[in-house]
Amino acid sequence: MQRQADALRRLGLFLARRLVQSIFVLFGLSILIFTIARVLPGDPARTALGARAPQETVDRLREEMHLNDTLPVQYTYWLGDALRGDFGMSLVTRRSVTTDIAEFLPASLELVIFAGVLTLVGGIALGTLSARYKDSWVDNLIRILSYAGVVTPAFIFAIIFLLVFGLALDWLPSIGRLSEGVPKPPLVTGLITVDALLAGQLATFWDALQHLIMPGVALALGSMAQEARITRATMADNLNKDYIAAERALGIPERVVMGRFLLKPSLIPTISIFALDFAANLANAFLVELIFNWPGISRYGVNAMLRKDLNAITAVILILGVVFILMNIVVDLVVGALDPRIRLRAARSD
Amino acid sequence: MLNNASQPDHAVGRSAIDPHRLAQIERRNRRERWGRAWYKFSRNPLSVLGLIMVVTITLMAIFAPFVAPYPQHAEPFTDFANASKPPGGQYLFGTDEIGRDILSRCIFGFRYALVMGVAVLSLVVPVGVLLGLVAGYFQGTIIDTIIMRVTDIFLSVPPLILALAVASVLQPNLTNAMLAVSLMWWPWYTRLVYGLASALRNEYFVVSAETIGAGTGHILFREILPNMVSPILTKMSLDMGWVVIIGSMLSFVGLGVQPPTPGLGTMVAAGARFLPDQWWIAIFPALAIVVVVLGFNLLGDGLRDLFSAEES
Amino acid sequence: MSEIVLRVEALKKHFVVAHKGLIRREPVTVKAVDGVSFEIGRGETVGLVGESGSGKSTIAYIAMGMYLPTSGTIYYRDRDLFREKKRPLDLKREIQIVFQDPSSSLNPRQTVRQILELPLRIHQAGANRLEEVVRLLDLVDLPAEVMHKYPRQLSGGERQIVAIARALATRPSLVVLDEPTSALDVSVQGKVINLLIRLQRELGLTYLFISHDLSVMRNFASRVAILYLGRIAEVASTRQFFENPQHPYTQMLLSSIPVISEEEEKLRPAKVVSSGEIPSPVNLPPGCSFHTRCPYVMDVCRRVDPALVEVGDNGHVARCHLHEQPLAQK
Amino acid sequence: MAETPLLEVKNLSVSFRVYGGMLRVLDGVNLTVHAGEKVGLVGETGCGKTTTMKTILRVVPQPPAVINSGEIRFKGREVLKMRQRELTDMRGQGISMIFQDPTAALNPVFTVGQQLEAAIRYASAESRRMPRQEVRRRAVRALSEVALADPERLLDSYPAQLSGGMRQRVCIGMALSTEPELLIADEPGTALDVTIQDQVLRLLHRLVEEKHTSVILITHTLGIVRQITDRVYVMYAGSVVEVAPTRRLFAQPSHPYTQGLMAAVPRLSGGGISDGIPGRIPDYMNPPTGCRFHPRCPHAMPVCKRQKPALLAIEDAEHQAACFLYDAPERVRAYQQEGGLT
């Protein structure tokens, strides 16, 4: 009991400290983004209105956007709005950026979570298989495949899938999140598959899942291959550790040594890389989203960039930053749960 | 390395001071070291394959005008009579929708891919390494805090999205794409080098140099830096591949190399419109990207194996 | 004793290892060195012995200027080593160190020549460095060809000898030897020790010798100081230290050493059998810090920290209530 | 002794495949342990002591290791031909091992209890059917046997929470928890302070005496062998160079390597240190031909370069040395007349 309370208290302290650190990082990030948006050449008001807009309109907008104030003042205005969740209007959609993000972020999350599950399950399974049958044909095959996976960018997979399964064979739907005419489930989480299941609309769930497969797999293959390689390398490395020899020397059967005593320490690097890949995929998905016309946040962000829609650009980067930082905290928590040494080190420093 | 030949032998001791002989011995030692390293590297056929790929691609990129069957197709050029020809005798990889030879354009595409990689790395590596080195050596001081907090901020967003943002604010062209990628890439070197430097600063050879009275410059560049050449080189080789991918992603959305200049990403993007019927327009440039990345990855892995074997 | 080369005075070094509490962060300290004083005369080899946590290496590192003392100080020939914030070059020249593990103390990316040239460049401007490198190698009995080799091409013993040559390159008068043979195999440590003895004789060096190996200490040091948890337990000339140990901890240490002859067996005080763990230096026991393991523990030991008292000739002192006259036991 | 020895190793050779070649680490090791015996195995770093033991248990990682030749018989059964199932049965209850570095030998991400309980649970067919509480009870007993206080709490601790001395005790407790017939102890206590090492060795000695366990004690410290063992094997560069009952070895070291090693040990009684053995351990990729010690040997003869000496009796079969100096006198004369070794 005492130990549990202690552990909880330590967890609380850890989270508190990480959150404080994160706020500093986010603050710095906001300055960085603001700098990119304002200091680089070009007049945001002119950009927003287009080259043909009359000068008076531009001047009025400049006034509205506080562009005539000094940069630090501009920054405070901008930050104040951002903290209230107000990132201004999007030039692309002509809606509030916050509304846009609320719509597009769940679509991206659904895609990335689906890809993440594939990555983790596939990567660990392939890596373990490869390490277990090291130097056999299974191992060699997996290694060659994972090499191919690592060096091929996701958008090339996406194009090939689209070509083969979408267009040539026509097995899977290749555009958007749902087919036309399929009823949308009531909005709860924003993830259509989950919402459909919650509402019991199995047909919708099935359709949404089919839409997920191609972009999800295209996105997952790269990180899956990466995970498989890391898992294999760590396992092969740990297999030569003295503690494995010691456990074998004690007469513990091979199946227990491999499945328990080897697996757990070997998962630590895999998991830490996975969580970071997961967050990075949110941004790296933009070409996959473009190719499959998936209404996700990074496609939105890139469109905003191509149109120089500064409000949307800053908001998207900030949101991705928040997700990235959160995932970093999750990594620390998960790795801490797996590895007592890290837990102990953290405990010693409070 | 265990070696029998180093038994003390006093008889020849003094003769080594002859500068001529000295230089000779040093040359011989260097040759032996390279020979041994090459022998180990060449044990792994995949590493050698990677090296061959990288060298071939580089040579093709440099001599593109002589290697490509139709060098003029890399410039503004149309030949509607031969548009959208499938791969075959005259055009090995086929032609695109306005009749340009895809093979020639891919060979020129290597050029821009490599230029981008080399330019980005030669900007990013010195800056990133220097900052990491200084921060790592002065660990725990205000210098460390400033450098590493700034680095953390850059690392708090996926690098691609920031590069896209910067590139989009600037004029879309190759130079600006390289600048944008460089701006986001240095922190990864800073972080790598920081970790290495803060471990190396506690090694006793660094402490020794300090107790002897060596200056900071000597310690940073003569004692610490040479000991992290291998991880930096390995990362550089792997990063060449990444930069090529990122470059192609930027060109895909129109933020990199501008048409009609043949960027591999641009070509894939343009070709994607003609799927699935004229598949070769998109697929061959895509394969070209994969080949470049594969070459550098194989080379990078080979280097890593070589270095880790050197150390044990 | 002749001229004093090094004088350590009431030296204390407390490390902050962690902080307690969330808002008011109280430091948690380790008292690595807690009030140590001793002197080294010219041409002497003073041995500092102790187990982990005894603070012996910390004292060496403070002498080298790698750490600043928390309080107290060290004098080199009446010059306070810590008066200036940064140690001047001429003092660095005088005091050099040989570290425990030569595979860490020699830069793996430099040849022996580059390694030996660094101190020459800094301290012997104008000298013919190549000749000087050859002279140094000759001094330590290594062939001149070694200068082209990288450390990994040398055996462990040869590496340590190169480290010794580097320490001598500045022509120091005091050399700190931080466990110079404990990373080496038994069959080569003798060579290194004998080399050090010869160099001391030829160059008039003074050694501060840090070691946990009492058998080596017996054959090398002229005086021995034993440390336990940051404090001196006993100091004696080597002969007295081994033949007539006074502190129970010294006796326990001697009785724990595995020996290979009957003759040595007799030197082991059989009645003091090792027991108990070495306490963590973060939570030092009150009173005498050895009382948790001492077979002769008395009531007073748990309360009062004993002082160093004279127990024999030639400055033989021990910190133990057994040797304090009845005064303390009241 | 006529009965089957508990363990018999004959002519064992093992190599390691490394980047760019093969390291020929074991070069025909011969070793015998009888029931109830305490045998020492002495040699310097890298002479192949640990590899020999890991090969006996078949826990040497393969690859990179390759077993080239040899026989290992445990209670008359050939270990090198055993199948996975038989190996698992032999390990633990037959032979168990204490590894050199207790920090590396404990799995860092499992508690002491999880590891110790697994060792007890899988020791035999009966123990696999044991109820949980019984396994736990035995784990507690195993820890209290090695003089660890508060075993219940210790079972829930991770290795990183223990001191070096405690970890070493846990390893000993674990190796003995399966009640092995033969215990291999690889440098027990070497990583520890001398007073703690002394405690650990005395504890180990007491436990194996109580349980009548046979022991192979590996160490590079001659003093430890002298304290504990009945018989000693001296290894150099992958072969046994001398074997003798402990007292006789210390009274009359016979192989030039053993003699050099003994002379090199600094004495607590003073008298200076010898310069030790010149040269260094050979390169295992290209080891010296013949006797691997000949480049360092003060008595080297031409024959030593040509031929590997077998173990030869000094006075009787109990004391043997692998050295041509102990060949028949007329042969030794012939060897010596061949002229100097260049």
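Order of writing sets the chain letters: A, B, C and D. Residues in each chain are counted from 1.
As a convention for this text, a residue touches a chain if its C-beta (ideal position, glycine included) is under 8 Å from a C-beta of that chain, and two chains touch if they have at least 3 such contacts.
All values reported here derive from a predicted model rather than from experimental measurement.
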item: Intersection of contact partners for subunit A and subunit C; value: B, D
item: Geometric centre: closest chain by C-alpha means; value: B
item: Contact-richer chain pair (by C-beta pairs counted) among A-D and C-D; value: C-D
item: Distance-maximising chain from subunit C - centres being C-alpha averages; value: A
item: Subunit A-subunit D separation of Cα centroids, rounded to whole Å; value: 52
item: Interchain centroid distance [CA atoms averaged], subunit C/subunit D, Å; value: 33
item: Whole-Å separation of chain centres (CA-atom averages), subunit A against subunit B; value: 26
item: Interchain centroid distance [CA atoms averaged], subunit B/subunit D, Å; value: 48
item: Junction residues of subunit A, two or more chains touched; value: none
item: Shared-contact residues (touching 2 or more other chains) in subunit D; value: 280-281
item: Touching two or more other chains - residues of subunit C; value: 155, 158
item: For the subunit D and subunit C complex, residues of the former touching the latter; value: 44-45, 163, 165-166, 193-199, 201-202, 220-224, 226-227, 250, 260-262, 264-277, 280-281
item: Complex interface listing, subunit D residues touching subunit A; value: 54, 57, 59-61, 63, 84, 88-93, 95-97, 99-101, 104-110, 115, 118-119, 122-123, 158, 160-161, 171, 174-175, 178
item: List of subunit B residues in touch with subunit A within their complex; value: 149-150, 152-154, 156-158, 160-162, 164-170, 241, 245, 248-249, 252-255, 268, 272, 275-276, 279, 282-283, 286, 289-290, 293-294, 297
item: Sites on subunit B touched by subunit C in the complex; value: 1-3, 6, 8-10, 12-17, 19, 22, 25-26, 29, 203-205, 207-214, 218, 222-223, 226-227, 229
item: In the complex with subunit B, residue positions of subunit A that touch it; value: 24-26, 28-29, 32-33, 36-37, 40-42, 147, 150-153, 155-156, 159-160, 162-163, 167-168, 279-280, 282-284, 286-287, 290-291, 298, 301-302, 305-306, 308, 313, 316-317, 320-321, 324-325
